[in-house]
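So, here's a batch of structures to check.
Consider the two complexes below, in which subunit A is the common component and subunit B and subunit C are the respective partners.
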Partner chain A sequence: MIMNGHPEARARRDYILEQKRGFGRRVIGVFPAYYPRELLLSMNILPVEIWDPPLESSHANAHLQSYICSVVKQGLELILQGKCRDLDAFLFPHTCDSIQNLASIVNDYLGIEKPCYFFYHPKAPYKESSRWYYIKQLEDLALRLEKQFGPLNHHEFKKKVEQGEDLRRTIGELYRRRAEGTLGLSNVEFYRILRQVEYLHPDDFLPVLTAILKRPPDRKSKGLAVIVSGILPNPPEVLEHLDRLGINVADDDFLSCSRRLLARPAISTVPFEAMADSYFGMQPCCTKGSAIEDRLKSILDKAKSSSAKGVIFQMVKFCEPELFDVPILVEGLKAEGLATLVIDTELNQGMSGQLVTRLEAFAEMIG
Partner chain B sequence: MEFVVGIDVGSLSTDAVILGEEENILGYSIVGTGDSSTDAAREAMDSAAANAGVDMVRASLIISTGYGRAAVPGSGRQVTEIACHAAGAYHFFSDTELVIDIGGQDSKVIRVGKGGKVLDFAMNDKCAAGTGRFLEVMSAKLKIPLDQMGTFSLAARGEASISSVCTVFAESEVVSLVARNFPKEEIVKGLHRSVVNRVWAMTRQMSVKGGVTMTGGVAKNTGVVALMEERLGRKINVPAEPQIIGALGAALMALRHLKGAAAG
Partner chain C sequence: MSLARKLRYGFMKDVGAPLVMGLAGVKSRSKNIRKPDPLFGPPLKCAERLKEIMTRHYFLSRYAEGAKPVAWVTSGAPVELLRAFDFYTIYPENHGALCGAQKLGPELCAVAEEKGYHQDLCSYARIDLGVCFSGKTPVGRLPKPDLLFASNNICQTVMYWYRVLSHKWKIPLLVFDTPFNFGQISRSEINYMVMQFEEMIPVLERISGKRLDQKAFENVMRLGKESAMAWGEILAAMKTVPSPMTIFDAFVHLAPIVSLRGLPVTLDYYNILLSELKDRISKGIGAIINERKRLMWDNIAIWYKVRDFSRLFAEKGMNFVAATYTNAWAETISYMDETRPMESLAKAYSLVILNNNLDHRLNLMERLIDEYHVDGLVIHSARSCKPYSVGQYDLKRLLMERKGIPSVVIEADITDYRAYSEEQTRTRLEAFFEALEGGS
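Let's look at the complex of A and B:
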């Protein structure tokens, strides 16, 4: 699906093809960020998320304004370069205006012969009707998917929702061990493994995590601890450099990671209800319209529980929802005595000398 | 211990400072970085050593800083220029709470605490606007030597309005102003204003009440310093040789490191 020469991309493509051939699974390309994964899995659909394909952007510029985030640009580039041939459909959650517009470009103007599905989730502040609305959207999406992929098996749905709970619990344990400093994974390793959630079926992903957690606890890490925030951990060179500097990412507030992969345990055992429990039990997020005070408190709690000395905001350029929040978050964190660093980068473009200096100066400052 | 060396390899210049045990500057040098950071570092250290009358092989410790810090031969330790400028500025002006360093390819504002410790910093490294490189390009365009830009600016009766902060677009604006026979002095003042406004925006994030010290090559430009003072509404400290402050900070750190090690 993605660049043939890129090892991670090649691994994804091989995996997708194996899933199709070996398990008869259909594959949906899913744009960020919140979507009902368990619903798709229960219909034998493998969701493959499109966040940051490693492509040279050339075609997408003809359809998009210059000042648009690279997640959208790279996603469109992937489609325009004809690298989505293995996919059976696309799913566009209503994450932000840019992804909403991308959905419109792909569905209405490109003439792509693949079904496009849309998923609207409620935004904060939540009211009593928000939960009802969310469940209604889930049911509507299920009905639309059934037309292409066949009827929803409710027994299978229940099993997948339970598996989703198990996955969140396991990822939560992974985060807990990391914050404690006993996980024994470098920053690069942690996110390389965690990001496999973007395309691995939980039947394959859960054993990977379980095997890591079964290893004896590492000696407590003595490096400086920081929290990282932003949309996703890209470019990975930032993590590599933090590893080199002996700085441990003790927790994160990434949209692609903790904000959507962790949630309070569901109360209900009825699948649609349980999914609503999870959705409303996730961390505060700018793309869900959460109150800035809630997000600030969430980051402060993470910093406190992991004894982090500072917070690094790794921004995707032109990401509006995130850019509105960050100045207020920085102010609030500084007021609480936490050092902050804001860096913005293009996806997949490595690190400049200036960025290296920023990270090193930050390390010197908190050291 | 005889002496230590601090060396700052920047994008435009490479500066070296030889420091004696009592934090006294024995010699320094400023050379162009050119196309090789390593060669520039060697040249700067040899030149500074010659000025100080010492033999480089006897240096107790070399600490390097700046973008080319990893390319310095014999460097025992690397430190960012942010920490070095803070330490260097504090050495000369102990009331310093904010350092403004306008360098060749970026500008930085650094909030400084007691002893010259970095408390916070902001950097503009997105483009050449608001940097020494911007002024260098404009000086070539206007055929005014870089070291006379300040004098031109201070002699201006009025001020041209430069709306763009991008070097490329600002150059087009300058061409258009020249075509309209706008006085050069007023164009230069307008250019300085655009640099100052850009850097001033970063200083606002720091909310500092104490002393402000300017370092880096652009601090030699009296026109920029005057406009910055006007914008900040206070007097700015400028070291006698602002260009070596990063290297001096590195040398001070080398000295403290050795003294710390000796004290156990």
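Let's look at the complex of A and C:
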């Protein structure tokens, strides 16, 4: 998993190799978005997520049309450029039509010699059957993984599920402190740290978060607040520019961040049941089929609790699940007096001059 | 449901519709006296009957609101369950195709786009939302639904789209969630789908005000199965050389199995069509006069180009005899079993082409190429349909390697012709025609 010239990519690769050598961990490349992380960790597997590798897309164009989003394209590019040598397998959650078919291309057509695992999670509106099926899916995935990675240790599983709860609680506290404006991190710093969840083992990630939370509250950072929504905070230049404009991202509705990293506390202490509690206790999300009004309410609640003045929808071009929700969300937010801005972005492509101007105009409007 | 509306619906069904259809039929017959076309065999006689059926369906739908429970349904949803509760069903995808064929796609899509729905979204969805926002439709008026019924066995898009409808009208959305078959369907997946049906029944009973009539359900299942089997036989008739119909005909005659599945009219109609095809086969009548090459189509039709493509290919002596798309409504019918309705519906609806991995599609296409004696393949890369389109470049390459047949990819859209380039398509097709002729 290497983009040799890119410092964060290099850090990831060094970390992966260290995990393999130092802890005998195996590594699975995981495509977006929802997957049972704790199950993998309990089998001494390190999940390394593939959201937006910083690559020039060339090989993937021979497999994917021009109207396919860059999350899917960049992920395939990573594989085609031979940069997944350190991985032991891939895991494809069923997130959208494009990732679904990407999984099939990789598994059926590319002839790569790495096992591919698939994980289907039930789509809302949820019923009793949804929970039953989700637990069956977890059990089934465990059985499939056991064939490659050895038996699931139930004691370890329980510990990792508890650790997952701890992690969610800690990330929740990080979000809370940011919303009240006492965290003292810039937008860029916040997401640079948070996104380490995509590859760091929780044994290493939790202490990073805890150290930040132990720092004395920094009240200077309370400024003009906005919520940012979308798939993931990329290109990072958007965050940099918001920092320059003195606008604080007080909360987010990113799929890669709050939508899957935060959840209501689990009720059950039985690991599979607790994981189901977490999945169904996550925030509303279009890729899971949640009602749009639930998502609107969730964003409105965030805006209220963080005193945000507006919401920026940072769209990945061609992302159908997001694009269907946006008009209703924009209408609903405007009705509540919140300013909205919808921007189209391509991963790792920086910001156009036009986008800079639009962000500045938005800042003036809410200022 | 109000009594007055029920009486009005009954009157329009028994008196109004036959009268209107009769008048429309006379008008249409006098207008459609066509000269024989030197490129094509005689037109299918039953096409007039199909027009009557579909016109009647949309005509009556105007009077269904308030008289019968109305549902808007996705093309791949197991409608048999709704039929047992006597729902009047509207298929926005079928309606979208109709709008596309009448070249209304961009106009209706633009209405949705003005409301913020991006041009990159599925054009069936944009047309439907455009219709909802503007009330414009070539069929007069669509009834407002009491229920939305979507299955993600064809795409996840329908789930996003129907959530918008559910929000707009504040009506319930039933989702039949069919786990994608990355490998083999498992027992827990079948159980999950059966459980969903069981959970739907109280909702359907509440909305329709009726209890589930097991006998009526079994009858619908039987009719649905027999209609789909007849549809399968109709498609199989195209194995004959020369083929008695083209896939462009099949795109049109598909409407009843999509929109009126499980109703007696569909089975009756397909029996008429089948009998006409058998007659043509016995007399050696082909759909095109000079069938020299036989082709297969992949993906949904380019609705605004059906007529043009039909002529273009017929001029070259090329006939489309198979399509993965039309096959979808016949492919899994063997799983249907009215004695085990829920489980068999789960299998029949979750094992369809678009809910299956690409290897499944490759094997299916290889089989169709052999059985239908296919010489070439036209692949429609449809911007609107990602589950159908993602993977097509690999399918093209693999089919060339395995079957040695030439193929071409047309970049277009199902209904929005703003995403279609005539020049680019012609250039690609010319190269394809050359490759195909070179292989003869």
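Everything below uses one rule, namely that the second predicted complex is superposed on the first by the 365 of 367 C-alpha atoms of A that agree within 3 Å, B and C clash if a C-alpha of one lies under 4 Å from a C-alpha of the other, contacts with A are read in each partner's own complex, and residues count from 1 in each chain.
We adopt the following convention: a contact is a pair of C-beta atoms (placed from the backbone, for glycine too) under 8 Å apart; a residue touches a chain by one contact, two chains touch by 3 or more.
Worth saying up front: this structure is predicted, and the values here are computed from it rather than measured.
Visitor: Judging by the criteria at the top, classify the pair subunit B and subunit C on subunit A as clash or fit.
Guide: fit
Visitor: Considering only the touch criterion stated at the top, classify A:Ala361 as touching first (subunit B), second (subunit C), both, or neither.
Guide: First partner only, subunit B.
Visitor: Anyone got the angle at subunit A's C-alpha centre between subunit B and subunit C, nearest 10 degrees?
Guide: 80
Visitor: Quick one: is A:Glu56 in contact with subunit B, with subunit C, with both, or with neither? Answer first, second, both or neither.
Guide: Once the two structures are laid over each other on A, A:Glu56 reaches no partner at all.
Visitor: For the overlaid complexes, name the partner, subunit B or subunit C, with more touching residues on subunit A.
Guide: When the residues of subunit A touched by each partner are counted, C comes out ahead.
Visitor: Touching A:Asp140, do we find subunit B (first), subunit C (second), both, or neither?
Guide: second
Visitor: Just to be sure I read the superposition right, which of the two partners does A:Ala339 touch: subunit B = first, subunit C = second, or both, or neither?
Guide: The answer is first: A:Ala339 touches subunit B but not subunit C.
Visitor: Based on the superposed arrangement, let me know which partner A:Ile68 touches: subunit B (first), subunit C (second), both, or neither?
Guide: It touches subunit C, and subunit B stays clear.
Visitor: By the touch definition at the top of the document, which applies to A:Ile292: first (subunit B), second (subunit C), both, or neither?
Guide: Only subunit C; A:Ile292 stays clear of subunit B.
Visitor: Just checking: does A:Ser352 make contact with subunit B only, subunit C only, both, or neither of them? Give me first, second, both or neither.
Guide: A:Ser352: touches subunit B, not subunit C.
Visitor: Least CA distance subunit B-subunit C after superposition, rounded to whole Å?
Guide: Between subunit B and subunit C, the minimum C-alpha distance equals 5 Å.
Visitor: After overlaying the two complexes on chain A, where does the subunit B footprint on subunit A coincide with the subunit C footprint?
Guide: none
Visitor: Enumerate the contact residues on subunit C facing subunit A in the complex.
Guide: 115-118, 120-122, 125, 152, 155-157, 159-161, 163-164, 166-167, 173, 175, 177, 179-180, 182-183, 186, 188-189, 191-192, 195-196, 199, 357-359, 362, 381, 383, 386-387, 389-394, 398, 411
Visitor: Which positions of subunit A touch subunit B when the two form their complex?
Guide: The touching residues are 334, 339, 352-355, 357-358, 360-361, 364-365.
Visitor: Quick check: in the complex, which residue numbers of subunit B touch subunit A?
Guide: 67, 79-83, 105-106, 118-121, 123, 125
Visitor: Using the touch definition from the top, list the residues of subunit A that touch subunit C in their complex.
Guide: Spelled out, the residues of subunit A in touch with subunit C are 62-65, 67-68, 72, 92, 94, 96-98, 100-105, 107-109, 118, 120, 122-125, 127-130, 132-133, 136-137, 140, 286-287, 289, 291-293, 317-318, 320-321, 323-328, 330-331.
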